[in-house]
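Chain nomenclature is as follows: A, B, C and D, assigned in order of appearance, with residue numbering initiated at 1 for each chain independently.
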């Protein structure tokens, strides 16, 4: 039986658009996808760059007016990979036109905007690209936690460190302007860490935060730090920075619970450390799991055990899961509501940093 | 200007055929490829499996008779991903039909066979899939050596350990039969280590070896060990085994030279350790390089620094390099002659193991 | 020329007293010590235990009344290794009797007490056992920072995690009672992290903190977390816990600065990671320094390069440095004033945690 | 009841004599020693150096004539820490005088010499300082093997790499002269690896070896490599070198067996990696054990779990075990017979390297 074809419009043509394009091309090679994906149109501002991107990834058409694109009747999915301040208008227009909406993270530049977006977007299937949930090691951490292998959580700590902002002469993109980005390290990096934390450790109930600037004259945060209480009784620390000199893309989390410990460091992308306190004391040690199978998340999809995967596979797996959920008419885990919850925490972070007080959620 | 189209025939439909198919699909997304690749036909023995593979990867046709396929006038490239004993007849037929020939490693089941193949294949462009040369860490090791950063080599040591043969009830494929595989761990694993050694450290002049069986009744080697003298005056140890219980795909090399040390362990695929003895003594230490850029091999092709790549990218990079070389009418590094040299070492290994003597090359 | 003999009275007979006794026995074997140390008397509450300790370490006498001991005219040094609440009375009495006073950390159970102690103790030479300053890796970090190798500091982060309190049935010593310990994880663990931070990164100007209890009914903190601003413009996070299940003695710090990164993890006691951003970008990586020489702190004192040292050597080095300073009539780095500063930060932590506000220092 | 006093004569005053002296001083602090040790006399060739060593470690007397010393009636133990070629005359004389004999490794400069020594020494209690057996991680590996946790061994591989000989201008001691050392890397380094292998994996039945020189004019081996068959059916590789540039004291072993894997690397002295194949496949991973307790070898002797020990403790533990065995009138594990077996393997290595053939043991 012929599969339904979904025509895709990509809004954006930068680095992330490349990662999404790759996922559209690759998903059917690794997942049993119940749809045919058609890379219909890529939309951006620079015609030369657009044509190059279209040629490279096989987009059939290019376009420069997203408003026209999102209402085209031959489009099924609108995928938004543009600066944060454009997420809302595009997503709302696409949702109002009845399209399936994919949106890069962070969802919005503010909580209010996120809530307005969500109201419009709840009518259609949605995906927010919190792709790091689909790192096999992260998904396996979730499984171990769900199985009770960590027990009651005591501590959650998370870093997301890069050095992207530490050379002001090179840090000149929209990501360094509040008007387009909304936030700096908080939106770019902390949002990922918060998403992981909510996924793995549940809601945050209260927090106190610092947002800090090292670069003179920059109006987005270079670094954001916070302490938090979680609903499950655990306490947490978070640090996100673009001045983490020496680190290029170091996202970590560590969990200490009554029955075990988990540690993840994206510098060791395919690995997860797990310590089980039910082991005999003289054999208790961090196990350095290579999460490429057997019996690990996505290990049936990609290669063989110990044949490692990388950055791009997180987008492929996110898309694969979305399409399966869509066929079953179920929402995707890490959906719109999760993205709003992340935004709610970021909002509390901003308010706490400004008021220098604890803020409840 | 329109690019020339190259029509590909894939002979084989197993795990490695999947890795090759992915490379054919992906190469133009990451490399500036001067050809259009057309996945024309996939050829195997099991029609159901073939159709599934064709659907998954977009092969236009399926076929069951490789002899008919390799002589089709509409085929430009024949890619061989079948048991070792079939490499020779297919490669020779394809070369005689004037096709570009791609062949999985090891090239042949014996040195004599390899030499016969080479004679036929020298007339056409060829690629032997020693894909691990294209791990960025390995290619960067080569660059550091070529730049003299390691100085005179003293020691080369290499492991390739997996546990694939250690459960005899599961180890029942063609890889465990001499008639189809030629060799066991030597062909499967050691061939990769030898290729890396010849690439990084130059010719081997003399060796003494053990081939060993742990599984009763198995007629290919489960493990092969050797000591070697290199032409550059260094000495080396090699160990390859399918009984490396606890290791799933652990390929390593270490080099000690007069100016530095290099260490690679495929369990840390994106990393390379480099120690520079020209550093001040109190700052001499292994640097744990993440070889994802900037200014690393293939770092312009794939993602951004610290956005890691995996197993499949070694095939993509091999293919990308081949197609560039083809357009320039140059042979690919890691070409046919390299593959014959690997076979020559494997032959010496077998002779040494049987005669229990040192064998000169 | 005969060396002056210093007669020592040890007050305490527990685990730490053993570490001190070892230092008294060993210091002259590794340091050029300008004094003869005489282990005169060990003082505690349990005669049987005292006699065993005296026999094991060669203390000449045992005693049960510390008041009598600290005023003995034949005693030169009083070393205090007892529960925190006894530090003040013993130290003050010893100082008033004109003795050299050694005191375990944390100095006191409160800032007020610490200041009272300091007033009395300033008249005599003193040593507070912040032994971890003398880990060669930590001392080498200090040297690199002082040489400007890290540049302007942006981030300082520190963990001190153990699991000592996580089994309430076993956690029944004085360390779990406010009346004797003053604080829990804050005094036991955080004090070490704060001392390292003040030593390596300078004064803290402002902080906000959580102190938290997981164990029901326990009146000391199980965990303390804080965010801080440093006088040098950097920002920091600290976490200390006795519920760090999976970690037994994991003290870490990480520093990101404009010119480099430093990372230390006491699980790798002899090692220090250093990344130098003045290296060529493609060779920038954490160097995993083994800080055992050549030209590392204390590498002339202990064994040869790569012959590692352990926990006990931090006490030996502290004592060696003290005795050299004493002979030169100079105060020891990590002296009384440093210990008061640590106490001042701990006090701010407590006030912040109680008031749930930022506290200036 | 008073303990028996054992008077010790140390023959030698170099680096190793320092490590032994430390053990004599420290053993009673960590082991329940049934004797009082008295550091009676230290004997060497350089009076100034001797007096310095005596002062530092508390030797009561110095002497320059070992022949006189070893026959002194007031001496109970003769400890030999001098160049290899002097082991035999001193040990034989001491044994003939009825002394307890301690001797540094390797026992002798040749197998014949070792056998002559052994004949004389069998009449008295003896200790050969194969101290690395007492690394807790090594002793724990032995325990796991003995308990069957590794199952049938398939592979044993061992490295001992340092760079001590790679700068010929600095490598001028007796260790670089056959007349005094007997062997180079083989005696210095490989002997330790062989001792570990015999201890952990049992007898070697057959081997083939290379001995190699990099330094012009040097008459001891700079590097020795070998392949071996063990009596238990496993196969092994060994590499020992003084040209392992980048490595300062890197002694490793790895064992793959039917039930698990063990890995030890002396760069991580306190750690042992253990993988258990009876774990569920998705939790099978190297566990990075920190072998400092609870319930690890010597963890009751030294500090608390996670309070690490170092190089010197291997000597202390060897001595502690010897004295306990002496009191029980039992031989020490790693006794004279073990040392002769090591020498027998070294002899086979030399013969194989010279004859370029396999040699049976």
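As a working rule, contacts are C-beta pairs under 8 Å (C-beta built on N, C-alpha and C of every residue); 3 or more make two chains touch, one makes a residue touch a chain.
Being a predicted model, the structure only gives us computed values, none of them experimental.
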From chain D, the most remote chain by mean C-alpha position
A
Comparison of B-D and A-B (more C-beta pairs in contact):
B-D
Please tell me the distance, in whole Å, between the geometric centres of chain B and chain D computed from their C-alpha atoms.
42
Whole-Å distance, chain A centre to chain D centre, using C-alpha means?
54
If you average the CA atoms of chain A and of chain B, how many Å lie between those two points?
35
Multi-partner residues in chain D (2 or more other chains touched) are 286, 290
Considering only the defined contacts, which chain D positions touch chain C in the complex?
15, 19, 21-22, 25-26, 28-29, 56-57, 162, 248-250, 267-270, 290, 292, 303-313
Which residues of chain C touch chain B once you look at their complex with the stated criterion?
140, 274, 276, 280-283, 285-290, 293-296
Taking the touch rule as given, give the residues of chain D at its contact with chain B in the complex, in rising order.
154-155, 157, 159, 161, 163, 166, 208-210, 212, 214, 223, 225-227, 229, 233, 235, 237, 239, 241, 243-247, 256-261, 275, 277, 284, 286, 356-358
